[in-house]
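Order of writing sets the labels: A, B, C and D. Residues in every chain begin at 1.
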Amino acid sequence: MKRRIGILTSGGDCPGLNAAIRGVARASYALFDAEIVGFRGGYRGLIDGDYQEMTKAQFSNILTMGGTILGTSRTPFRDMRVVGEDNVDKVAQMKANYEKLGLDCLVTLGGNGTHKTANMLSQEGLNVIGLPKTIDNDIYGTDFTFGFHTAVEIATDVIDRIHTTAASHNRVMIIEIMGNKAGWLTLYAGLAGGADAILIPEMPYDIKEVAKVVEKRAEANKNFTIIAVAEGAMDVEEARLKRKEREARRQASGHTFVATKVAKELQEVIDVEARTVIPGHILRGGTPCAYDRVLSTQFGVHAAQLISNGTYGVTVALDGERIIHNSLSDVAGVAKPVTPSHYMVKTARSMGISFCESDD
Amino acid sequence: MKRRIGILTSGGDCPGLNAAIRGVARASYALFDAEIVGFRGGYRGLIDGDYQEMTKAQFSNILTMGGTILGTSRTPFRDMRVVGEDNVDKVAQMKANYEKLGLDCLVTLGGNGTHKTANMLSQEGLNVIGLPKTIDNDIYGTDFTFGFHTAVEIATDVIDRIHTTAASHNRVMIIEIMGNKAGWLTLYAGLAGGADAILIPEMPYDIKEVAKVVEKRAEANKNFTIIAVAEGAMDVEEARLKRKEREARRQASGHTFVATKVAKELQEVIDVEARTVIPGHILRGGTPCAYDRVLSTQFGVHAAQLISNGTYGVTVALDGERIIHNSLSDVAGVAKPVTPSHYMVKTARSMGISFCESDD
Amino acid sequence: MKRRIGILTSGGDCPGLNAAIRGVARASYALFDAEIVGFRGGYRGLIDGDYQEMTKAQFSNILTMGGTILGTSRTPFRDMRVVGEDNVDKVAQMKANYEKLGLDCLVTLGGNGTHKTANMLSQEGLNVIGLPKTIDNDIYGTDFTFGFHTAVEIATDVIDRIHTTAASHNRVMIIEIMGNKAGWLTLYAGLAGGADAILIPEMPYDIKEVAKVVEKRAEANKNFTIIAVAEGAMDVEEARLKRKEREARRQASGHTFVATKVAKELQEVIDVEARTVIPGHILRGGTPCAYDRVLSTQFGVHAAQLISNGTYGVTVALDGERIIHNSLSDVAGVAKPVTPSHYMVKTARSMGISFCESDD
Amino acid sequence: MKRRIGILTSGGDCPGLNAAIRGVARASYALFDAEIVGFRGGYRGLIDGDYQEMTKAQFSNILTMGGTILGTSRTPFRDMRVVGEDNVDKVAQMKANYEKLGLDCLVTLGGNGTHKTANMLSQEGLNVIGLPKTIDNDIYGTDFTFGFHTAVEIATDVIDRIHTTAASHNRVMIIEIMGNKAGWLTLYAGLAGGADAILIPEMPYDIKEVAKVVEKRAEANKNFTIIAVAEGAMDVEEARLKRKEREARRQASGHTFVATKVAKELQEVIDVEARTVIPGHILRGGTPCAYDRVLSTQFGVHAAQLISNGTYGVTVALDGERIIHNSLSDVAGVAKPVTPSHYMVKTARSMGISFCESDD
């Protein structure tokens, strides 16, 4: 059996992309007569016909490598159908390049946006398989995405390092962790790092409740407090606004980072020394942890098995110990937010960790 | 509600024990009026009445700490019922100390052996809850035990380091990884570290097949080979023997480590330079990785919730994203070996990784 | 011989403080009949008489611990002589508490500010020994301060992680590294992390030269650029201003961080996507690296040897492989800036790494 | 100015080799018109004429890589002058290949053995520059060799991990650290890891003194002991033998590792549970730490500067903060053992760390 496979990585880079690419390639070469075409810079490469015929050797020594050997870019789904100023019909071009290259299928590695475009291409008749990648873990239908646990490990290491400064200086330390829409990364790292309060987008905070956490610790003779706050966390008032209004207000207030906003507001409410730490891109770089190497490899190999069976229009997923696949049309673009009833939230609450919601 | 809780850690030490102890304690203090008694050195402490009344402060600052603040020991299950030379009836003493201390329940953290004794005590009428701890991941009824993923991360780091030496010196490097009965740790670390062959107790190897892996790589111009071998791996011939015969033969041959045996046999079959690496206890020490901190905390908190509900005679377990509990009488001492049909084995095979079984 | 030793840590916390404290204590207990008094929160503890009589056990298990078990605070030297609103004569109080406690000497761990106060107390007649601690490495008279190499390791790890994102997204990544007055940390981490340009306070940059680095790499088909910039870096124009003017201008421009200023200016000059990473406090937290554990231990032990000999009014220092001591009056508060003729600067230049100075 | 440079790496692989190679290359390309020839597998490549013309691109992305991109081998100095069975005059061939390739100089990266051959080639008229590489740190004339501090960091991490097992199980843990002739690595890692006893080749041990360390700790209610032992450590009796006799006796006793010998002997003297850990090759693999990346880069750049000046017959070295060079004829093959009067030994003794020498 011969198969020509196109492969691309789209959206923000993420630990495990190369391990997943290697998994697809090694299993494809082992299972059937595979030819692999790599598109450069995500969907942009498929649109522009910017690609390379890959050799077996290119998939060697990449298991431990961060980033993506194919490069990536962000082409939002909402722009895909738009014929822009340059009069380019992107969807038509992607289909044309797929045909021209004689591909049997296309494997796309990315997050919710990537999956929406993948689903559209699938509905346009291409054979597409998606692999769920994101440090945000906010893709519906899979227990975990790859990249997530590496980011949790790094964010936890950051909190560990901050602990000693917090304790030595009697400070409130506010650590901002990536996650604009979903709080998973902050929730896991906060629990693993021993945070005292966790602020996430899904559960708007009340600064007075944050202050109570600090005061309660002071009463228990704990001289410092660690607060993990997701990039996209918002207070109760902001939560009532529409997204654009919220962003405008945030910008007007001069707070690029939510951590600095929390620090300022907290110091207005109580007399403490609050400092911020914003690890930013550190969380998505470097070699994947062993967990993510295994998961990405399993995802990649599963994709090759699907190709071998001629199963398309699906995205690969983790279910307990097993690797499964869901229909792209069912899950593409469906987000998975943290819910107050999730086991992790209950665990945190049971230990006295506060989400600082309003008690109204 | 008031509850007096006894707690002990038994068997080999393991990353996450202190995080789990902290989870039990913090959630117990938060959920009800808890008093906690810590037994020193595992079941030995319960037998001898060697314990301390724990204070809240003793559970602070232990989340990241390796080992166990309670100490541990190995008292094999088979010795529990035996009244020894000293005429001590261990089971009677454990029950007597449980009564004397006025305990409402006993939380035991350990592996298969620990669970067997926990089950026996449960059947003797004590209120017992087990938490599944082991770097071997060989406990039935849970997706993963805590400690396992930390050990996988460390073992993978070891393989990563060995890669550069292997490539620089054109060597076959044989890395022996803990796991006397179960190959999970070797399987996961082997996959994460990019091993070319994986030898585990559940799938006896044929040295000729190991040689074929090396030769096949040489044909593909790969100048080195990485072999991950579990401590308890055995060749086809040894697998036919009873355990005692096997141990006797191994001892007679002078091979304390299976890695040196594989190296020697391999060099008898083909002309290569083979070296061994035996990380040993390194794999079970130090701070738990974030994954294990979260899992142990969840397990510990779940135990407190069970106490709060008065649910006993169970052991806590992971099922996908959820924490559940199984009846001790169903799972105590039931091992979970790697099976040839497991997803991880299939994944490895699909990538051309060999388990070196005889092809007879 | 009996000696009562006071000990305090002052200024920002730093990896190795506890290892140095342990070194002083263990060697003091071994070499003579030592009693140790720990002041809480740096000089503030000495001023307020906030102290504890330390026991041997308190110095156990702290070798690997970040931060300081004594706590720290920042009391600037310029405020020491001032009798404040509260009418407190701080110097008189420090002397009085030293006498009241019957101390034979005072060991102070800190940076340039700490050493200035230590020298003043020495000139007031107290027996003082200083230990040079700072992640900035800007203390005159010692090859290295402790804490520096740990911070270099962490900053290098940050740059490593950013590399993969930079390469995957074709970006200019600007990493801001602690160091307000001295560029050592940025210089070492920049060289270790493979930065293409290094901007430090001692060598004001010209944004046009930064742009040239990016363009030159683009010409060589390198699609990304890594710029390491010290917290206190300034451009040529800012360098002409007095410090207060510079700070006022920086504040007015809305750039809390120099990295965002460089990113904005760079994008005004050339068409690139520039992103910033600001690890901040991460660089000073967590367990000291082995190098710093050895150095702090050696420093601490040397201090004990000095006490044993009755040598005071000195600060401990590293000279090649040897530990020496300098007179406090010679080195207290003398800064050690990076000079253009330093070996590290020449090394970097020889490799084509740019400091982006104006070529006027 | 045009220069054709031959480069080779010889002896055991070591972190920093690639960083040093990159330093030579990048500075050579920047400072003059350089052509670089890489010999494969150390001196063997020079003898056999096994080489490649290197391109600039081959020196990219290797700064963080462990091992050596050139490969290495061990050709002992004592065999160099010997014309073997194959009738090959190795020295003549090396000279002939050097001439044939039109080299202006040869840069050799290696330890004491490598330097001896380098010196011989220099005396035969070739232009040779040596770079001191070894995790053993036993090269005369330099404060430190590159690779050493990375190995110290890894060995210290190993000891850290073992601490928790030792404390949880009340054990004596004996950790064997590479270093056949020199104890530097064991000495530094022992101090950094908080070992209670340090056994090194330069200071033969008495097992009774080892037992005293364990007993003294037990008296102080410390329930565990950590012993760092160098691969080449020997007891007082062995020290009286010639090397061959010693090896014969060791082999006859069945102790491949000195750690197992110490464990057995210790358990014959006192009643303790002693376990061994033998990290082996782990210590020399993986990415170099920041310290070693800086040092190797400085060494490599210095070599390029020497070539630029036409200075040959030297080996590069570290002296405090400066990089210097020594005459090959002065230092080649001169070992640097640990001496009892060295600052590190005194530091350790002052803290009560024992070297377990006989007190006769």
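Please note the rule applied: a contact is a pair of C-beta atoms (placed from the backbone, for glycine too) under 8 Å apart; a residue touches a chain by one contact, two chains touch by 3 or more.
These numbers come from a predicted model, not from an experiment.
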item: Any chain in contact with chain B as well as chain D; value: none
item: Reference chain B; chain at largest CA-centroid distance; value: C
item: Whole-Å gap separating chain C and chain D, where each centre is the average of the chain's CA atoms; value: 31
item: Separation of mean Cα positions, chain C and chain B [Å, integer]; value: 43
item: Chain centre separation (chain A, chain C; CA means) in Å; value: 35
item: Multi-partner residues of chain A (each touching 2 or more other chains); value: 157, 160
item: Graph class of chain-chain contacts, one of line, ring, star, complete, other; value: ring
item: In contact (per the touch rule at the top): chain pairs; value: A-B, A-C, B-D, C-D
item: List of chain A residues in touch with chain B within their complex; value: 23, 26-27, 30-31, 63-64, 143, 149, 152-153, 155-157, 160, 188-189, 191-194, 289-291, 293-294, 297-298, 301-302, 304-305, 319-323, 343-344, 347, 350-352
item: Touching residues on chain A, where the partner in the complex is chain C; value: 9, 13, 17, 41, 65-68, 71-73, 154, 157-158, 160-165, 167-170, 173, 254, 260, 275-282, 284-286
